[in-house]
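The two complexes that follow have chain A in common; it is paired with chain B in the first and with chain C in the second.
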Partner chain A sequence: MELKKRILDFLDLRLGVRDLLARNLTEYLLPRNINVWYTLGAVLLTLFAIQFITGILLLVYYDPNTEHAFASVQRIVNEVPFGWLVRNLHAVGANFIVLALLLHMLSVLFMNSYKSPRELTWVAGFLILLLSLGMCLTGYLLPWSQLSFWATTVATKSPDEIPLIGDAVVRFLRGGAQVGQPTLGRFFALHVMGFPFVFGLLVAFHLFCVRRTGISRPPFGPGYEPPEPPRTFHHEEHPGGIPFFPHYVAKDIAVIFLFLALLASVIFFVPGLFFPPAAFEPADPFVTPQRIKPEWYFLWAYQTLRIFPNEFLGLAVQGAAVTFLLLLPFIDRSRERRPSRRPVFVTCFFLGLMAFIGLSIWGHFS
Partner chain B sequence: MVNFDRRRFLGLGLGAITATLAAAALWPVWRYLAPGEESGAREKTAVPRERVPVGGALFIQHQGHPSVLVQYAPGEFLAFSAICTHLGCIIQWHADKSEFLCPCHGGRFSAQGKVLGGPPPRPLDPITVTLDGDRVLLG
Partner chain C sequence: MKPATATITLLLLVLLVPSAALPSGTVCLQCHGAQTGSLGEPVTLWKGSVHEANSVSCHGCHGGDPTDVAMAMSPERGFIGVPKESDIPDFCGRCHVGVREDYLESAHGRALGSGGPTCVTCHGSHRVVTATIELINRRDCTRCHEYGRAEEIKSALAATDGSIATLERTLADLRRIGVTTKETDGELFDLRNRFHRLFHSVDVDKVRAGTAAFRQELDRIKGRVDAIQLELNHRKLWGGAVVVLLLLGAVLALLIYRSYRRER
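Then we have the complex of A and B:
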């Protein structure tokens, strides 16, 4: 205790850490009716940290060359001690991140926390979602299996339908006419450095916005009234609220461990869930596996393209939907946040959710 | 009034759990990163006898390390690590003098691996040699 006090005194004299810790932990008050959905941010930070660490560990043994990539991944899984654990944490963890991102986005949407003055927080968060999907796409190619090769071939082919520039976009994405070593090179660079760098900046900005604006109060309960639109900058306080530390940190930790338990359950008891047979065959450009499908989080897009007779129209509809969501805070300017007072919004919310789930299931079985 | 005993107990318990989880996480990382035994680390190396002339030396890889096989007299073979015992440079064979010379700091070794001069502190590390018909086996 004496040592801990002396270290704190040293840091406090130079950096004022006691004040910093008080303002951001024990004296940082959250709304009394805050709910478990608010823990998803901490869950995501934890899952991203796991991806970052396991990604660096995989880099130690992975070889980004089409001749050796598959064998290097097999070596990691079969020969390197605990390589199977590192690889599975990374591959299965990616799926859990997308799930947590979608849940986080849905909860923010439902509680209308994207509204003024939190528009920038929403935009940054949505871009983080898109970037995460980009990292999933680029990472998918790296094992250079039949699944990797053909899923990337299908995904990079889709911009082909864009008028005038479609073919150029496809060649730019692939580094050539077909998926090959140039594709692996650029996807590796994007996955390992390009996207994570931008991702880090976006997450830092997103967290800054959350902290600077203040946590939004859940729009539930008899005492809630929509706030007046702000005319000047105002940090939202919650006097009489619960301290972030230790109260909400304890809740954060509990939900984090729930997600880690689910992650461990899949890795240890259902390891083949995200590894179909095509994931265990090296890439063969001359043999297309039957029923090649994208990963579950892209199935809605895959099925949307199949529904529309014109592929460009399908792409345009998807682009419009994504753009609409990105700009939602600037489109939906009403003050009202309570779902009970917004029947049209809630109806659209659930219809959209059912469409996403329905298209995904349809895409899986089609 | 805060009960320090209970607080201390809970704090110690939390610390113990955290330390256990940290160890459980770090152990696989350590094993993952620690270099394992290289393939062929215990295998013998077979060299055809005619590849090594009398009075000559042949540099080869043996169990992943640079090594040298010398036929200092007809049918008499010796093998050593080709790594100089001074600072780890690879030695060279000088057939005219029948000795090894380290190009880095001038260390000299005899055909039997003994130090003849220069800074090397000890002889070359020997490798067991056995004859198997027309092959020489190292290791």
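Then we have the complex of A and C:
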């Protein structure tokens, strides 16, 4: 204890850490009616950390070369001590991240927490979601399996439908006419360096926005009234609320452990859940697998493209939907946040959710 | 490019996903697949065959140029067309070399040209089925002769063939979770093919003598597969412990949170 006190004294004298910790932990008060959905941010930070660490470990043995990539992943999974665990944590963990991101976004959407003054928090969060999907797409190619090769071939071919610039975009993405070493090289660079760098900045900005503006109060309960739109900067305080530490952190830990238990269950008991058979065959440009389907989180978009007679029209609709969601805080300017007072919004919310799930199921079985 | 256009383009790119784009197939499949009756029937039969499953298409057996409509059926490009009945063993034997040898030495092969069966009599043409022990059955064998001898051969082969099939399924399950089984797959495939050559000898004594040697080889392969499965079972045991600990941790953290809330 003496050593701990001495270290704290040393740091406090130079950095004022006691004050910093108090203001950001024990004296940082959260709304009394805060609910379990608010823990998803902490869950995501934990999953991001796991991706970061396992990603670095995979880099030790992974070889980003079309001749050796598949064999290097096979070696990691079958020969490197605990390589199977590291690889599965990384690959299965990515699916859990998308799941947690979607849940986080949906909860923020339903509670209308994106409204002023939190527009920038929403935009940063939404860009994090898009960037995560980009990392999933680039990471998909790296094992250089049949699944990797053909999924990337089809995914990078879609921009071909964009008028005027389509062909140039396809060549830019692939680094040539076909998916090959240049594609693997640029996807690898993006996956391990480019995207994580931007991703880190976005996460930092998102957290800064959350802390700077203050946690939004859930729009439920008899005492809730939507606040007036701020005219000047104002940090939302919650007097008489729950301390972030140790109170809410305990709840964060409970949900984090629950997510990790689910992740471990998949890794240890159904490790093939997210891997179709083509994921374990080396890429062969001359043999097209029978059924190429994207990952579950892209199925809605896959099915959308199949519904429209023209692929460009499908892409345009997807782009419009994504842009609408990104800019939603600037479009939906009403002050009201209570779902019970917003029947049209709630109806649209559930219809949108059902469309997402319905299209995904349709895409899976089509 | 304006920032807004660039953003929308980026969003579009991020969400670009597959839209089924399988190649439309060889010119043989395109042309015959669009026809009805006897000209289209081979394509219908071929779909679902073991040849289709292994990407052996029309030109693999019949020759010709599968990329050029005009030359698809040209003898200049090696087109063979439909073989005569007596040529069928040589037709199939271009790939199935060992089986052809065993067949020609067997009672079946010796009766070639005088009413004896050819490859397609048992395996079918176009809808070529995987060679399994189920091909030896009363309905098919009694088309030509009594079933008794065939039944004896089938019972002598059954246990070993069943073990091979079980091992194949186990290896497929292992592959599905990323375990490298390439070497063992190759050994089992080789053993299976050599074992299936015995089928074609239609000689009960030869089958019984050969089966014992195959069982020994099979036991060695099974020993290796069992070791992998044991390792996987250990992982599940540890995994179960990890999951239980995490769930206990979650419950404990939740109880701590509740006690804090009660305090306030």
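Operating definition for what follows: the second predicted complex is superposed on the first by the 366 of 366 C-alpha atoms of A that agree within 3 Å, B and C clash if a C-alpha of one lies under 4 Å from a C-alpha of the other, contacts with A are read in each partner's own complex, and residues count from 1 in each chain.
One rule holds in what follows: a contact is a pair of C-beta atoms (placed from the backbone, for glycine too) under 8 Å apart; a residue touches a chain by one contact, two chains touch by 3 or more.
Given the structure is predicted, the values throughout are model-derived calculations rather than measurements.
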Chain B versus chain C as contact partner of A:202, first or second or both or neither: neither
Larger contact residue set on chain A - chain B or chain C: C
Which superposed partner A:83 touches (first chain B, second chain C, both, neither): first
Which superposed partner A:260 touches (first chain B, second chain C, both, neither): second
Partner chain in contact with A:111 - chain B first, chain C second, else both or neither: neither
First (chain B), second (chain C), both or neither touched by A:359: neither
Partner chain(s) touched by A:251 [first = chain B, second = chain C, both, neither]: second
Residues of chain A that lie at the interface with chain B and also at the interface with chain C: none
Chain A partner contacts - residues on chain B that touch it in the complex: 28-29, 31-34, 36
Complex contacts: residues of chain C adjacent to chain A: 7-9, 11-23, 55, 175-180, 235-236, 238-240, 242-243, 246-247, 249-251, 253-254, 256-257, 260-261, 264
Contacting residues of chain A [partner chain B, same complex]: 57, 60, 79-83, 85-86
Chain A residues within the chain C interface of the complex: 74, 77-78, 84, 87, 130, 133-134, 137, 151, 153-159, 162, 169, 173, 242, 246-248, 250-251, 253-255, 257-258, 260-261, 264-265, 267-269, 271-272, 275, 277, 279-280, 287-288, 290, 292-294, 298, 301-302, 305-306, 311, 314-316, 318-319, 322-323, 326
